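Shared between the two complexes below is subunit A, which has subunit B as its partner in the first and subunit C in the second.
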Partner chain A sequence: MKASIRPYAFSALGIAGALVIWQVLATAKVAGNALPPATTVFSTLTSTLGTGTFWSALGATIGIALLALALAALAGVAIGLLVGSFESVRYATLAVLEFLKPVPPIVVLPLAVLVLGPTAEMSLFLVVFGCLLPIVMQTVDGVQGTDPVARDTARSYGMREGEILARVVLPSAMPYIGTAMRVAAPAALVVTVVAGLLGGGPGLGQSIYQAQAAGDYASLYALVIVLGVLGLLFQGATRLAERRVLHWHESYREVVP
Partner chain B sequence: MSARQAPTLPIRNRKSTMAQQPETRISATTPRLDVAHLAKTYGSGEKSHTVIEDLTFTVDAGEVVCIVGPSGVGKTTLLKCLAGLHPASSGRASIDGRTISGPPPEMALVFQDYNRSLMPWLTVRKNLILPLRHLKLPAAELKERCDSALAAVGLSHADNQYPWQLSGGMQQRVAIARALAYRPEILIMDEPFASVDAQTRFDLEDLCLKIRKDFNMTILVVTHDIDEAVYLADRVVVLGSRPARVLKVVDVDLPAPRDQITTRSLPDFARQRTEVLSLIKRPA
Partner chain C sequence: MRNVKIRNWVIGAGTPVLLLAAWWFLSANSTDPFFPPLQTILVRFQELWLFEHFQSDVLLSLGNLFVGFAIAAVAGIGLGFATALLPPVRWMIDPLIHFLRGIPPVALVPIFISLIGFGTQMRVTSIALAALFPTMIATVDGIRSVSNDLMDVARVYRLSRKERVLNVLLPAAMPQIFSGLQVSLQVAFIVMIASEMLGSSQGIGAMTLLAQQSFMTADMWAGILLLGVIGFLVNILFSLLKRKVLSWYIGSRRMARAA
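Right after this comes the complex of A and B.
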């Protein structure tokens, strides 16, 4: 019992410590008016939670991030399976994919805003752009990491290539795809907010921009706190999903012979 | 092997035009599995690398044939050619006179690395079902095949477990059950008992003989263990080192049924293992 409570106790202590430091620094006016005290921010947060605009912005952010994540996962895994399975497709696409991989979504933001305007579609596009390539690359690695003995086994039983892809290669690649999703989920949230903040897309990013423009720093930090909590939830949810899907994998096995 | 009995289990992996073999098959001139001047070379030109030079041997219906030879002789390459996974470079392997050009539907292959050949994300039963899906069997038959295969290897209780929850010997039995559920007529095993402890090894050898008897299967086993080869086989094909060629085919005339204690203590057993061993040890 003691052992299970201790980590939580220390976490609580850490959070409390951070809040105290924040409060002291803010009260000492180290950053002037740009950093309001924690107490002010939390009371603003309480009143913000009572407004309809906040909840619709939160809904928009979560909706865009999740939809984009799902689209990126579907397209990314499909493309990854193709690229990983067929040498010709790999040679045709790998140079382009490797080139695009280090391009951050923010670089494409002006183009996206120009074409799509400050819309949900623009945000969606940016998030998919940001999440797609890592998922593709990880899937390709997973496909190529498939054990040749497992493939030979399937082939020796007369399984067709399509069936082998779906029932042997894809499950083999799942640990790789899981890792990609764990990285992509928080990134989706970040890009959704950036698209709102800098591109005017709907959601919490836009709310933060408006708070900043109005000089309402207490609201700004209240929204940042909401974002932080949302990020933790995203991370927790993906970890949970990964644990469920990959319960058979070495790193998640509960029973070891 | 004496007169061939009707198989205890019907053979239904259609796609094969082969009818059930009449009893005359045993003495017929066409062997069940015929390997004629088989050669396998990887690469081409200067970088080419010949693994198998010229292999010729046959396996008759209902026989257990073991292939022994020094390690690295190309035994696994041979099995991959027989299983239709790799094309032969020259010569041919055929089943009932039909050249093997892809995985033959009447054949199942058991790999040495059970932990790589079983799918860790599937339970034992689902591992058995995986290669059967494309046969589109009725649900009742699918269940019956899995049940009887698991019963044959003594793992009926483990069908809902995952392979990695089982011991090495049990995992290899799952791999064998998967092959049995496929209802092959020819079972090929690549060093199937190399990765298990000695006691389990004896049990699996006897399981192999029991399968031959119960299911009337033709079995080809690659092994590096000479005692195992003599214990299991009706005939032992002794391979010489690279590139692989057949040194001799030794007929094993030990009485059936074989028994781990009595068979292995027979003077004939010692004589025949010495014969095989001296063939392998003999300087080329």
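Right after this comes the complex of A and C.
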């Protein structure tokens, strides 16, 4: 066997092994009906893919996650530029931001459900709540990291403050914002699912809750598999987008030998 | 210069106080069912958590969090080392790990409920499994980024395999492992709450959601407050531990930057 294909052979072996173990455990009924066989799950998955409810749930999940991500990005960068540009604002917000940073959106989920009900707005609010702070923090770091020489040069060329912000500070903060977005995008998906699962917001989270409540374990597993694939796609897409948007920046430029 | 520093301190400490005061006075005579007076919330906070439900719910939640996180930390570092040092193992489980990582951790909770039921066991398992991946992936990355020079030196000194793993690789990968552990801790905290919110009757998360569903708004706010404080404190404690364990690393970084 050639060394170059060996990793792939082992990967295939690993996947096949996991599927076989799953199938054997399920047919032996080690967990009763709660663990359906892999074959059943995959046939359920195929039939689920043919239903309209699945696609509308998928659409709701992706739509909410992306819309909230966009809102969080706009608001986060704006707040971050504000906080990063003025020392007094930075000190004023420091304690509040540091307190809220480690508080996940699931903590305020009961409040959101109480006020907004099990709606798409509730999911949107939670995702924005979860994604906003990391973006703000990174943008502040990016603004702080702006080369003072570049800033002074811009000023001596007679640029106005707004122009400096748009042409010097923002571009130099872009890689930081890019990093924040790469972390925030998968998180947005996760929070959308959580909002559906625990708060009854529309989307795949709600479908999972219904499948579990109805004891429809094959659908439950099928939906979780869909989420796994969706999560991978989100991660891949954000990495690609980051590289596309930031290809001009030093840390992303490809080295030409 | 001194004046600016003092001014910043005053602003930094004053704003949170001002915000809390604003909340206190603006909500003082509130009849809005969603936003009860802060005073009522604090009274309920004291009645609920200090100390009527302290042992039965707060300690239970924290215990699950701690045990789940500890299992995830040990297993994550162990599996990380196994995957990084044995290429066949890495090739075999890499795709599976990446797939499992794509699944939102909270979505695994319904599966564990159906497999193990609603008990403590389910909660600890959910926490441990969900929190495993960040540590494991960080460990693998940490070991891979250990410089070859370091490993060559270790080999020249004829360190045994065990010595190389424990005395060279582990410390060198420590900074990344700790970053992974911090993410794991956050995931563990989220899954702790989620596992309690999904059909359990005990724990802070369950009590908070139950209060919301029965429109006991002040109780719900008290729960949110407690969860927020726990999230904050747990993170602070971990950061202190990290600073202590990694003091040599932080020091060497500072030296490198000063040079």
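Heads up, the rule we're going with is that the second predicted complex is superposed on the first by the 237 of 257 C-alpha atoms of A that agree within 3 Å, B and C clash if a C-alpha of one lies under 4 Å from a C-alpha of the other, contacts with A are read in each partner's own complex, and residues count from 1 in each chain.
In the analysis below, a contact is a pair of C-beta atoms (placed from the backbone, for glycine too) under 8 Å apart; a residue touches a chain by one contact, two chains touch by 3 or more.
What you are looking at is a predicted structure, and each value in this text was computed from that prediction instead of being measured.
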item	value
Which superposed partner A:L74 touches (first subunit B, second subunit C, both, neither)	neither
Contacts of A:A16 with subunit B and subunit C, given as first, second, both or neither	neither
Dominant contact partner of subunit A by residue count, subunit C or subunit B	C
Touching partner for A:S88 - first (subunit B), second (subunit C), both, neither	second
First, second, both or neither for A:R167, with subunit B first and subunit C second	first
Touched partner set for A:A237, first subunit B, second subunit C, both or neither	neither
Touched partner set for A:D147, first subunit B, second subunit C, both or neither	first
Partner chain in contact with A:R155 - subunit B first, subunit C second, else both or neither	first
Residues of subunit A defined as touching subunit B within the complex	147, 149-150, 152-160, 163, 167-168, 171, 174, 248-249, 253, 255-257
Residue ranges of subunit B in contact with subunit A within the complex	13, 15, 80, 83-85, 102-103, 105, 107-109, 111, 113, 116-117, 119-121, 130-131, 133-134, 162, 164-167, 182
Footprint of subunit A on subunit C - complex, ascending	4, 7-9, 11-16, 19, 34, 87-88, 91-96, 98-111, 113-115, 186, 189-190, 193-194, 197-198, 208-209, 211-212, 215, 217, 220-221, 223-224, 227-228, 231-232, 234-235
Contact set on subunit A toward subunit C in their complex	6-11, 13-15, 17-18, 31, 34-35, 87-88, 91-96, 99-104, 106-111, 113-115, 186, 189-190, 193-194, 197-198, 205, 208-209, 211-212, 215, 217, 220-221, 223-224, 227-232, 234-235
